[in-house]
Amino acid sequence: MIVVMKTTATQGQILAVQKRIRELGFKDHLSAGAERTVIGVLGGVYAELQDEFAVLDGVDTVVRITKPFKLASREVKEEDTVVRVGPLEIGGGRLVVIAGPCSVDTEENVMETARAVKAAGAHMLRGGAFKPRTSPYAFRGHGETGLKILAQARAETGLPIVTEVMDARDVELVAGYADVLQIGSRNMQNFALLDEVGKARKPVLLKRGMWATVEQWLLAAEYVLSEGNPDVILCERGIVSHETGTRFTFDINAIPLVKRLSHLPIIGDPSHATGKWYLVEPIAIAAVGAGADGLIIEVHPDPDHALSDGPQSLTPENFRKLMERVRAVALAAGHPVQPPPGAGGK
Amino acid sequence: MIVVMKTTATQGQILAVQKRIRELGFKDHLSAGAERTVIGVLGGVYAELQDEFAVLDGVDTVVRITKPFKLASREVKEEDTVVRVGPLEIGGGRLVVIAGPCSVDTEENVMETARAVKAAGAHMLRGGAFKPRTSPYAFRGHGETGLKILAQARAETGLPIVTEVMDARDVELVAGYADVLQIGSRNMQNFALLDEVGKARKPVLLKRGMWATVEQWLLAAEYVLSEGNPDVILCERGIVSHETGTRFTFDINAIPLVKRLSHLPIIGDPSHATGKWYLVEPIAIAAVGAGADGLIIEVHPDPDHALSDGPQSLTPENFRKLMERVRAVALAAGHPVQPPPGAGGK
Amino acid sequence: MIVVMKTTATQGQILAVQKRIRELGFKDHLSAGAERTVIGVLGGVYAELQDEFAVLDGVDTVVRITKPFKLASREVKEEDTVVRVGPLEIGGGRLVVIAGPCSVDTEENVMETARAVKAAGAHMLRGGAFKPRTSPYAFRGHGETGLKILAQARAETGLPIVTEVMDARDVELVAGYADVLQIGSRNMQNFALLDEVGKARKPVLLKRGMWATVEQWLLAAEYVLSEGNPDVILCERGIVSHETGTRFTFDINAIPLVKRLSHLPIIGDPSHATGKWYLVEPIAIAAVGAGADGLIIEVHPDPDHALSDGPQSLTPENFRKLMERVRAVALAAGHPVQPPPGAGGK
Amino acid sequence: MIVVMKTTATQGQILAVQKRIRELGFKDHLSAGAERTVIGVLGGVYAELQDEFAVLDGVDTVVRITKPFKLASREVKEEDTVVRVGPLEIGGGRLVVIAGPCSVDTEENVMETARAVKAAGAHMLRGGAFKPRTSPYAFRGHGETGLKILAQARAETGLPIVTEVMDARDVELVAGYADVLQIGSRNMQNFALLDEVGKARKPVLLKRGMWATVEQWLLAAEYVLSEGNPDVILCERGIVSHETGTRFTFDINAIPLVKRLSHLPIIGDPSHATGKWYLVEPIAIAAVGAGADGLIIEVHPDPDHALSDGPQSLTPENFRKLMERVRAVALAAGHPVQPPPGAGGK
C-alpha cells in the first residue's frame, strides 16, 4: 500500500503517518520526490487499512497495490481449480450444463424436465425448493418437500442436483439432499450463510451479487474458502445498470477477468441475466465464447404455467436446440462439452 | 395490469391470453383499437404476473398499473406512520439523530462516544456488535460482548440503542439488548432475516440495498410489515453507480419519493453514503432539506484508530458542529429537531 | 398510450384528461374498472407525451405501449438491413471485421498495421484522425493529414476506411476520404452531428452512448434514418456501471435485443468495452456467439508506443490468432466470416 | 504515478519499464520491497500514461497519484472562482436562482414566466431556443426567433439570460444574445463545442454528463478553461443509475466533492434530475443544504401545455413558495440568497 502525501504536507504530518504505520505493525518506506512525498506500507496489509490512512492529516490519497483476496487469487494458486461432482469436472477445460426449472413446482413437472434435459445432454439438474422472492406475496418454494422431489429426479436420471440454500439454519438440511449448494445473488454478502457453507462438505455455486464488483465477489468466495471448503464455482448472473430493456446486464467481461484473477471455475446464467427466454440462447453461446466453464439454464415443460420465472425459461425443445448449438460452438472455441454422466462407455 | 398485444396478433392468440387470465382467477377486459388490442387484467395481481403474460404468443408488452407493495403504500394508509422508541417519535415531523461508532470496539470508546453524542444533542446511540465485512479477514465485531457494552452505555446516558442483526439465529439475542433492530444494506433481501425481525416486537431500521430500487426496498419493508411488525424505519445509505469519487451515491431523490409512495418514516445515513468524513455534514444537511425524518451518523472519539470505517467517522467536536447546523437548518426547513430524551423540563 | 387514474380520481379529473387527449388531436378510450379508471390514448403518440399526461391531476401513471422509434423498428421493416461498402455486406448473415490503430499516428505504423490486418483477413481499416479525448492535454489526432494517410493505406491494401467525425463542420471533409463515417459514443446524442451525417451519402457507424439505453440508441439511429440515410450500422462498445475492474461493461445482452427490436446491423467493439488487450479476444468471440454482424478491433504494431489506447490494442500477431478463433467460432455459430475484399477469385 | 511490478517480475522487465519511463521524458524512482518492486514516475504525467504502462510485461498495476485536471483544481487555485454576470456573483457565498421555461415556446408564455420568476425573486432567466431531444420527432426549439424572445424578456425584466448552445457553429449567434452559454449534459464531451465556448467571452454553464464521473466533468471544464475562458459554472443535473422511479439520480455527493476538488462554482438542477415537479422543491432545498452556489429551475405558466418537459416544471405559484423556503433554509445554512438584480437601492 502506498500513502501519497499532499504537496503541502508538513514534516510533522509525514512523521505522524510513519508512526502510525509502525504502530500497526507494518514497515514504512519513504520516497521524497521533488513535489511530494510518498510512503510505502510493507507487510500483510488488508483492504480496510486504505481508508484508515486516507484520513490522516496531510494525506492526499492511499493506493492499494495488492489484491485483497488471497485464497481465491491466481497469484497464490496458479493452476485452475477443478471442482468434482461425481464423475463430472467443473473447471477442467470441458463444459458442463446445468438445467432445470426455476422452482420445484410439481413432481410431474420436475420429473418431466429432468428427463428432457438429460435427453438433451445436460449434466446436472437445477431447481429451487427455497426461493428468494422480491415480494412476500409470491410463491416461496416447497422447502424439504421440494428437496425430496429433486432427490427422486436424481435417483431416476442420475443427474446430480444443484439447489439454493437461503438460510444458515437450512444448510445441513439442504446439504443432505443437494450435490451442489447454490448461494443466490441476494445472499452473496450474507456472511453468516457464507461461513456455514464454508463448513459444509459440498461444493458451493456462488452467484454474483447484482451490485458486486468482481473483487467483492472474489472476497465472498474467500469467505467460503477460508472456512476450509475449496470447492467454489462462481456464477455470473447479471448486474444492475441503467438499461431497462433487459432484467439485468450480463457482465460478459467478468468471465475472462475472473479467469485472469482467480483459479476458480466460472459459469454463466443467461436466464436470470436477461429475463427473456428469447435472449437465453445467444447469451449462452456468448458465455461459452468468452470462456465460461459451464452454463446454468432454466427449462420448464410449460413455461407459461411455471410458478416462478416462466418468462425466462426455455421449453425442452428450445433447450435441445440450444444444446446443439452450444456443442458446436464449444468445440470450435476449444473447450468442448464434456460427456453427460452415464454416457461414454456405457 | 394491462396486456398489450402485437399489431400482428391473431384472434387465437388474443383468446389464449384471455383464457390464461381466467385460469389464474382474474377477470379480463378487452379493448380492441384500430391498430392493436389491449387486454386489462382485473383482480389482485402481483409483480411476477407481469412476466408470465409477457411471454405468451402475440403479446407485445405487459404493463403494471398498481404498485406491488400494499401495507407499505400510502394509497393503503394515508397518514404518516410514527415509530415510537421510548419517548422518541420517528416520523412525526420532528427530526431525530442517531449517532455512535461504526463498530463497538472498547468499552471506553463507546462510553466516551455515548457521552459526547448525548452532550451534542443526539437522541439514540448506534454501534455494531455484529459487523458485515467485505473481507473475511477484517474485524467482524465483538458479538454479545458488544451488545453488553451498548446496554451499559444506555444505562448511563439514557440513549436508546440501534444495532445491527445479521443472522436470523441472532434476532432473539439482539432484540434482548437493542431498542431498534438494524437490517444492513447487504441483508435487505435476506428474506429469512426479514421474516424473523417481522416477528420481533422491536422497531426495525431497514437500510436500502445498494442495488435496490425504491420499489424493491418498499417490498422488503412489506416482508416485515406482513409478519405483523408495523414499526419499520427506512434508511437511505447510498446506491452503487459509476461514480468512483465517493464510496456510494446518496440517492437524495429517494427521500421525497418514499414520502410520496409510503407512509413509513425515512432517515439518511451520510456516513456510509459518502465514505468520507468531510462530506458527512453537507450530505446530512441536504437530507434534512429533502425532508428526512432523521439522520444516523458515525462518530468516534479517535477515528484514526477505529476498528472499522474510521475515514467516514466524525470526531465528537465535528459532530457537535454538525448538530448546530442541523438544528438551524431543520428549523428553517419546517421540521425541527426534537428535544433529546431526558431533556426539556425533566 | 394508457393513462391510469388514481383510485381516488374524481369524475372531473377523468373528464379533464379526456379533454386534454382530444385537444392534442388524439382519441380516447375509457375503461372504468371496479377499482380505477384507465384511459387509452389512440393515435400517433410520441415519447414526450407520456410525461405530459403524468402530471395531470388524478393521474397515477402513464404507460407507453408503442416503441418511440419507427424507421429503426423491426415492426416497421421486417427484413434485415444490409449495408453495402464496396463488395462488403454488413448485416447479411456473414461477419465482417474492422481493424486498425485507435488513432492514426505515423504513416509507417498505419501502413504496417493495414498490411498486417489485411493479411490476417480483416475486411476494413479503422483509425482515428480526429480523436475525442477526456483530457485537453492528450493527443487529439492529426486531422486531414491523418485522413490522407488512411486513404493511402486504402489505395495500397484495398481495405475500405472507417473513421470518426466529431464535428458537424467536418462531415463533408471526412466523407471525402472515409467509406464509413463513425459517430463516437460521446456524440451519440450530438444531434447537430447526427443530422449532418443523416444528409451524407456514406454509411454511418453509430456507437452506443455509454449511458444510453438500447431505446435511446435506436432513437439516435432514427435521427440519421429520418434525414434520409438508410445505412446505419450500430456498434456496442460498453456502458458505464459500478464495475471498476474493466473500463466499461460490454452489454452483450444488447446484441440479440437490438436484433429483435430493429432491422439494423450491429457490431461489437471489444477493445473499448474492456480497455485491456487480454480481454479483447474472449469478448470478440462472445460477441460473435451472441449474433453480432461484425467486430471492430484495435491493432497496433507497437501497442506500448501507440499515441492513444495502447493498452487495449492487440499486436498484429495476437490479431492473427484472434481471427483464426473468430473464423472457427463464427462458422460453428452459423454466421461465417465473409471473404475479405479482393479475395475469392484470386 | 507509480508502477507496481508483479511479484514474479524479472529484472529485465523492471529495466524495460525504467527505460520506457526515461524514453517518455520522465524520471524514475525505484523502490525494491521484499515482495515486489515499485517504480515511481516523476514529472508532468497525464491520465493516458497510466494505461500505457499498465500493459508492459511484468507490470501488475499502475496508480495515479495526481489529479488529471490542473486549471480546474483547487490545488492549483486555492480561492473560490466568482463568476460575474452583470451585478450578480456566482460562487461568492450568496445563492443565485435561475428560472424559466424548459423551452421557449410563445412570446406570451416567456414574458409571463419572466415576470413571475422575477417577482418571486429569481436572478436570471433560463429558456431553450435550441433543444436537445431524444427523439427526432419531438419539438426542437425555435432557434434564433427564440433567442429574440429571450432578449425581449431581458429588456423588460432586467434578468440576464442563460440559454443552451448545441452546435459549435451556433456559438457566435447564441453568444450574441445570451449572458451565459449553457452546455447540456449530452454535450459535456462534445469537444468541438467545448473548444468553441472556451474561446467565447461569455460565462459557460457546464452541465454534468449523465454518465460522467466528477473527474471527467472537471476535465471537460478544463477544456473551456484551457482555451482561456475562466468563467465556468458547473451544474449537477443527475446521473444514470438502476433506479427507475425518478428520471435520473441527483448526485448530491458531487456538490461538496466538487467544492473540495475545485474552485469553480457549482449549482443544482432539480428539475431534470428528478423529472417530476413534486420532487423539485425538496431536492432544491437539499442542494442548498449541501452547499450549492445556486439553482436552475424550470417554471412554466401552464406546465400541462408546455412544449417540453412540462411534468418537471413548476407553476409560478409553486415557484414562489419554493423561493420562500429556499430563502429561509439558505440563510440558516449560512449562504443566503443574494438580492435580485435591480433590487437593493431601488
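Each chain gets a letter, A, B, C and D, in the order it is written, and its residues are counted from 1.
Basically, a contact is a pair of C-beta atoms (placed from the backbone, for glycine too) under 8 Å apart; a residue touches a chain by one contact, two chains touch by 3 or more.
As the structure is a prediction and not an experimental result, all values here were calculated from the model.
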Repeated interface matching A-B, over half of the contact pairs identical, chosen among C-D, B-C or B-D: C-D
Chain whose average C-alpha position is farthest from subunit A's own: D
Inter-chain centre distance, subunit A versus subunit C - centres from mean C-alpha coordinates, in Å: 31
Mean-CA-position distance for subunit D and subunit A (Å): 39
Chain centre separation (subunit C, subunit D; CA means) in Å: 27
Of all residues in subunit C, the ones touching two or more other chains: 211, 240-242, 244
Contacting residues of subunit D [partner subunit C, same complex]: 20, 46-48, 51-52, 54-56, 68-69, 132-140, 166-169, 186-187, 189-192, 209-211, 216, 219, 222-223, 226, 240, 275-277, 303-304, 306, 308-312
Contacting residues of subunit B [partner subunit C, same complex]: 2, 4, 6-7, 29, 31, 33-36, 38, 40, 42, 60-61, 63, 65, 75, 240-242, 244
Residues of subunit B touching subunit D in the complex: 211, 213-215, 239-246, 249-257, 260-261, 273-274, 278-279, 282-283, 285-291, 325, 328-329, 331-334
